[in-house]
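Chain naming follows the written order as A, B, C and D, and within any one chain the residues start at number 1.
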Amino acid sequence: MTTPTGATTDGDTSRPGSTSDLADNATTDAPADAGFRGLSPGQLMWRRFLRDRTGVVSACVVLFFVAVAILAPLISMLYGKNPETHYGQEDVSLLTDSGLPTGPNGGMSGDFWFGLEPGLGRDVLTLLIYGIRTSLIIAVATSLLTTVIGVALGIAAGYLGGKTDYLIGRVIDVLMSFPSQIFLIATMPVVTGLLVAQDENPPGWLPFVAVTLVLSLLGWMGLARILRGISLSLREREFIEAAKVTGASPMRIIFKEILPNLWTPILVQSTLALPAFVTAEAGLSYLGVGVSEPTPDWGRMIADGANFLRTDVTFLLFPGLAMVVFVLAFNLLGDSVRDAFDPKTGR
Amino acid sequence: MLRFLVRRTLGALVILLIVSMVTYALFFAIPADPARLYCGKTCTPENLALIRHDMGFDHAWPVQYWNWLSTIFTGGTFNGVHCGAPCFGYSFDKKELVGGILLDRFPTTLSLTVGSAVVFLIFGIGTGMLAAHKQGKPADKIASGFSLLASSMQIYVAGPLALWALCYSTDLLALPTYVPITEDPLGWAGGLLVPWIVLSLIWTANYTRMTRSSMVEQLSEDYVRTARAKGMSGTSVFMRYAWRGAMGTIVTVFGIDLGVLLGGAIITETTFSLHGLGELAIHSFRDSDLSLLVGVTVVAATLIVFFNIIVDAAYALIDPRIRLA
Amino acid sequence: MTTQAKPEEVSAGSGGTPFLSVRDLSVRFSTEDGVVRAVDSLSFDVAPGSTLGIVGESGSGKSVTNLAVLGLHNPDRTEISGSIKLDGQELVGASNRELEKLRGRKMSMIFQDPLTALSPFHTIGKQIGETFRKHTGASKKEARDRAIEMLTKVGIPQPTSRVDDYPHQFSGGMRQRAMIAMSLVCDPKLVIADEPTTALDVTVQAQILDLLKDLQQEMGTAIILITHDLGVVARTAQDIMVMYAGRAVERGTVREVLKAPQHPYTWGLLSSMPSLTGDVDVPLRPVRGTPPSLINLPSGCPFNPRCDFREQVVGGGCTTERPPLSPATGHAAACHLTPAQRQDIFIDQIKPRLG
Amino acid sequence: MSSRRTRLAAAILVAGALTVTTACSSGHSNGDSANASKAPVKTTAISVGTAEDSKGPAAPEPGAKKGGTVNMIDRDDFSHLDPAQVYLNYNSEASLLFTRQLTGYKLLPDGSQKLVGDLATDTGTTTDGGKTWKFTLKDGVKWQDGAPITSADVKYSIERTYASFIKSGPTYVQTWISGADYRGAYEGPYGGKHLDAVQTPDDKTVVITFQDVHPDANFTLAMTGYGVVPQAHDTKEEYDKKPFSSGPYQITEHVTDRSLDLERNPNWDPATDPIRNAYPDKWHMSFGVQAQQSTERFMADNGDDKNTFTFHNTVYPSYLDQVKADEKLKSRTLEGLTPYVDFYYINNDRIKDQKVREALVRAFPHQQTRQLQGGTSYGDYATSAMSPTVLGYESYDPYGILKKPQGDPEAAKKLLTDANAVGTTIVYAYNNTPLQQKVTEAIRDALEKAGFKFVAKPLDAKTYYDAIGLVNNEFDLYWGGWGADWPTGYTSIQPVWDSRVIADGAPNYAHVKDPAVDSAIDAAAKIADPVAQGKAWAAIDKQLQDKAYSIPDVYQRSLSLYGSGLGGVKFDSLFGLQYPLNIYVK
């Protein structure tokens, strides 16, 4: 709920009632489900998802982005350019004395389809392609990490209750009271400092890990709150009582009885969180505290492009539009996944 | 109600204590020597020591934190400037009292937030209700499609694009600046128009989506069906029942958003070069201006916590099931 | 005072013309998965002041039928054909405005779970009075007085103060009383009670049913009682209609159906119900299998996949031909077994189990 | 005395000629680049004026008229207004409007600067080679309240620089009088004690005695840091927010980080002031305007922005091409060489092999890094430690930087091969900003091509100078700039290359420990003859380059705009900023 770039999973966890509709499907007289009796919930979800045209299209777009990210070296080889070479500096005819492309529209040409980056004169297309890797790796890693933290603490709070619940609840309260943007910025150098001593050479993974850790730090509370609510209600349910009576250990109850009931909200929430992490990562880079050169990064490209607005909007257009399409596809996918799991909400 | 307020205020104070303490701890975890920054070109070790002493950096951070905390109540004198209680410290970088700087910056953030909040609240809720009412019809599809697209835009994409489209390439609107409303109301509105448009666009989309989904959810509630079974008209069911139910969600989210926005939106203010609390926050961080950084952080956290309390109180008014205690 | 459920002409019944008359009602939902035939050519009548119990599993179409009567279905997705006549007025195809006028005044509904069915945001008094004001144009004051009167009538203690309470401040039973008060505030001639006691304690259940009966006698209201609990029907209703897969499979008076049920599904329902007088050693027998998909109904008799007596049908029509409800009047069942076979089976195999 | 001054003037003429020559060659060398500026590079020379030159009023600006309000927009507020705290060029430029020193620089119509007496009748006299300096105050110099400025005020102002709250101003005079531990020797005037080294025989005469000879002390005393502060109105720490004026304007209002307003000081007498014209009635300065915004506003030239200039904000890099191409902007564009030289310091503690250092110098991609930072407008390729703006500068390019500004990887590789040092790891520390990240990539590219192994170490912007300032830092190469405090070789060379000042945080970032350089510095500082002194500094500079102790990068340039409604806006090569004293509203 911060500005869209800010804190990670947006705060819709604070909305009352959003948890309840995940559980009470069974009791409603939903005629739509009648056709599927006998199918597993996973199959049901899959069949519902396949019927959602928007969902399938957005999934294809997302898959396209993922494929491009994975195949980046191959694409770059076929296209004949890479994101490391400073084309504009090797061929002085490409850039002006102050580093702007000499050609119109940001230097777009048959050689450089999306133009050249001002300054170093790298190829914009390959920067974009490799930039997807950065975004995806960090967003996926952050989603995984926040999910693990959120699941662990959410279940601990909800199932164990008492002091654990109180403690975790207060930690969440405090973290949610932090002005998230300034804290993301302020923790970046600290995390970087903790990971690598001042006199060591920064390894290549450092920015990835640092950004992931920082985003995860303030990104797990939403999921934890939701899962806490659900585990709290599950705890009172008969089958848990039954398991307790039969002498199952708390670990066994958590893993065998509670966790399987949480897969739906976990999967839905993580799919919705992923695009938020993509934008948060780009936001950090936009502010100049994210992933640094030479790793290609969209947020940094957008920030660079914004510097040349009056001169040429091309530098902003490509990364900006790519970002919007990417996030839009992810948001649509997230919505579709949620609908597939939980048709009642209806879009 | 009184008990609720007292209890929550105490809780809020604890949170603010923790937030300010964490800020202090974070600041000192960053391997930078703020004294060096104020030492200038001829930084002799003696000068450095003097500066450290003046700024209070010659103590361990918990001691400094304690000093900061007690100064709030006792006041103090910094660099010859007296600072009466409640005193939030002195910025050595700007050579001014932190309280004064914050007061000076707050109107910018306030104008930015309130101006766009009015728009996005009205349009967001309006469009969302329309979409919920016309669920599945073309009007709903257009509104939902637009809001999905706009909510996938980021300030740092939409902002520069708007600057380009509205200011640089066409000169339609003025570049963003802040003029106090008391000095020049028209200039105030004109200077903030572009940021308002961008913020409103994105936030309207968010509120449209939220309003629509909570209205749809409410419309499927049993009591809405009951109301219809009683013969209530469609409008009355929509407004008196469904909207009443959706209001709680919207007020909650709006309150939380307002708290966060008023605390300063760094990316927005950076994008539009506005000097509000958000920009102050990032600059105080970059300038290692500890007292200012803590000041901004505490103000931002206070706003968040304050609006959380307001939201909870408002929620109790909206939903009689909630009891404040 | 009996209500006869008959497919074709309405039996005279002692009350003359039925208050509600449903003919060939079909309700279809179009969903993403296909067309759901929730109700298929259903006909029944309810005479003024009588009680009809509709019994069936979840998804058998009983709730849908009654939502269709009230016109509460989603018009975009639902296709309704046939005829529903309330006091002579045709409801199928009636405008929303006309239906609004009838709902709450001539017909009203009592929902299953009063906790979710009452708005948490408005006081009980408001919710009762609102209906009254809508249909009578009464002032706020009058509406409040009427609400207090109704609360008194349904047995809420200290109605003058409780009228300003919110639903969550009421206990479950009281909430259902308030719900009843709300549905009866305009003296409707038809009340549809959809599992009104399912969510309540057994002792409270009895109180609520008695209250309903008392009020019915006092006000002369016709009641449609939807339930899956045959005990409740036995206690409250004069007539029973058993529904399966959107159709009536058996109908008759309470006595007829409970004492001499003719349809294998009804047998199953009865066998799955515990009896106080029965032998505790006889295990309960739930109906085996699950209710069919309403999108792809089994061909022939929709109950055939779950039916234990399919083989006994001469000619094996169960999987090919859908049995009609016969005879046309009186106690009727939709089954290929001959009446004699039904009687034999019931007496030989089913009755001993019921105790 | 007079003969000494003549000789100095002659020397400066020579120096000026030389700078022009080099500047031309530097312009030529990047002439092949597509949009290289073809404008001749303007450089300036310094001279020392006579008592006649020190007489007011200042030479009028042709066409100037009095009146109106001039606006100034800049990114930052002045960090200090208390003269004793002022060190930055930007603060000094503004202080010209309300602070006077014993001496000052007069901007001549040809753009050159002349040191003249400001409060003093001339640029000071010394009879012992620069150990004892005598200044006589002019008649009619007054404070803003009308009280005369006396020799006691000057003495007090120098004493005041010892106070513990003065931390950021220059310390030359203090250390020359009292030694390195000057704070231990004297605590400032607030305890009632006085400094014997500054004598005031009468109200008009100030005699300052140093421990050693300092022939260019009259340049030192022109620093704003030695401007006058009245004892009666000294508010100590608070003085930094609102100083008492001795110049043509006085401060009416100062809102930190937002605005500073000046109005005329009625007690300032133009007849006493050879430096300052005071055409506008008022100045309104606003802060918080980023370079991008100010460039946009100057380009648009709307409303009040017509009457607006900027001290410090240069043209935003992404607008450079547009500004240079726009004929309409040409008349409102100022370009010039600042006193700043950019270096990539080689850590000589770690890179001890001269051949490896030479390879670094030869491999360095000057053209690429300059292009990233704005191209020709960013600066001229540098080949020396001294800037062309410094007295005595001589062009010397032993490594052919001007011929191959893009770096010569083959030559560098050969050097490395000869030294058997191919694959030497270079740890490059940089300020972790978006621009410097890109510069780093350009350097990485070039050094790797030359056969180095390149390791980039990003430093947080805040910790950058701390980290590279550590004597035992673990980096081999890092950027740093240096500008002389006054335009003689002394502050251009000594603070950066003298091994005896190596300390944590001190500006000898290259850690050059060369006894020959040290002794040459000592000798040069004592040469009273300015021509000889200039030659001596230039010789030291050559010594530094021959040993390849560091990589000179560029002599920084400045390109800035101002509004069309202003006249007399000039470039101040002394500080590299827009010069306020001739500005008038058209």
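The rule we apply is simple: a residue touches a chain if its C-beta (ideal position, glycine included) is under 8 Å from a C-beta of that chain, and two chains touch if they have at least 3 such contacts.
Note that this is a predicted model, so its numbers are computed, not measured.
Ranked by the number of C-beta pairs in contact, the top chain pair here is A-B. Look at the CA centroids: the one farthest from the centroid of chain D belongs to C.
Distance between chain centres (mean CA atoms), chain C to chain D: 95 Å. Centroid to centroid, with C-alpha atoms defining each point, chain A and chain C lie 50 Å apart.
Taking each chain's centre as the average of its CA atoms, chain B and chain C sit 54 Å apart. Centres computed as Cα averages put chain B at a distance of 42 Å from chain D. Along chain A, residues 189, 198, 303, 310 each make contact with two or more other chains.
Listed for chain B are residues 30-31, 168, 319, each touching two or more other chains.
Residue positions 292, 296, 460 of chain D are each in touch with at least two other chains.
Of all the residues in chain B, the ones that touch chain D in their complex are 30-34, 36-48, 50-51, 54, 79-81, 94-96, 101, 104, 168, 175, 273, 275, 286-288. Residues 30, 32-37, 292, 296, 316-322, 365, 368, 371-372, 374-377, 406, 427, 432-434, 437-438, 440-442, 444-445, 455-458, 460, 467, 474 of chain D are the ones touching chain A in the complex. Residues 136, 221-223, 225-234, 240-241, 244-245, 318-321 of chain B are the ones that touch chain C when the two sit in their complex.
By the touch criterion stated above, chain A contacts chain D in their complex at residues 86, 89, 92-93, 95-100, 102, 118-120, 189, 198-199, 201-202, 288, 292-294, 300, 303-304, 307-308, 310-311. On the side of chain B, the complex with chain A involves touching residues 11, 15-16, 18-19, 22-23, 26-27, 29-31, 135, 144, 148-149, 151-157, 159-161, 163-164, 168-169, 202, 206, 210, 213-214, 216-217, 220, 248-249, 252-253, 256-257, 260-261, 263-268, 270-271, 278, 281-282, 285, 293, 296-297, 300-301, 304-305, 308, 315, 319.
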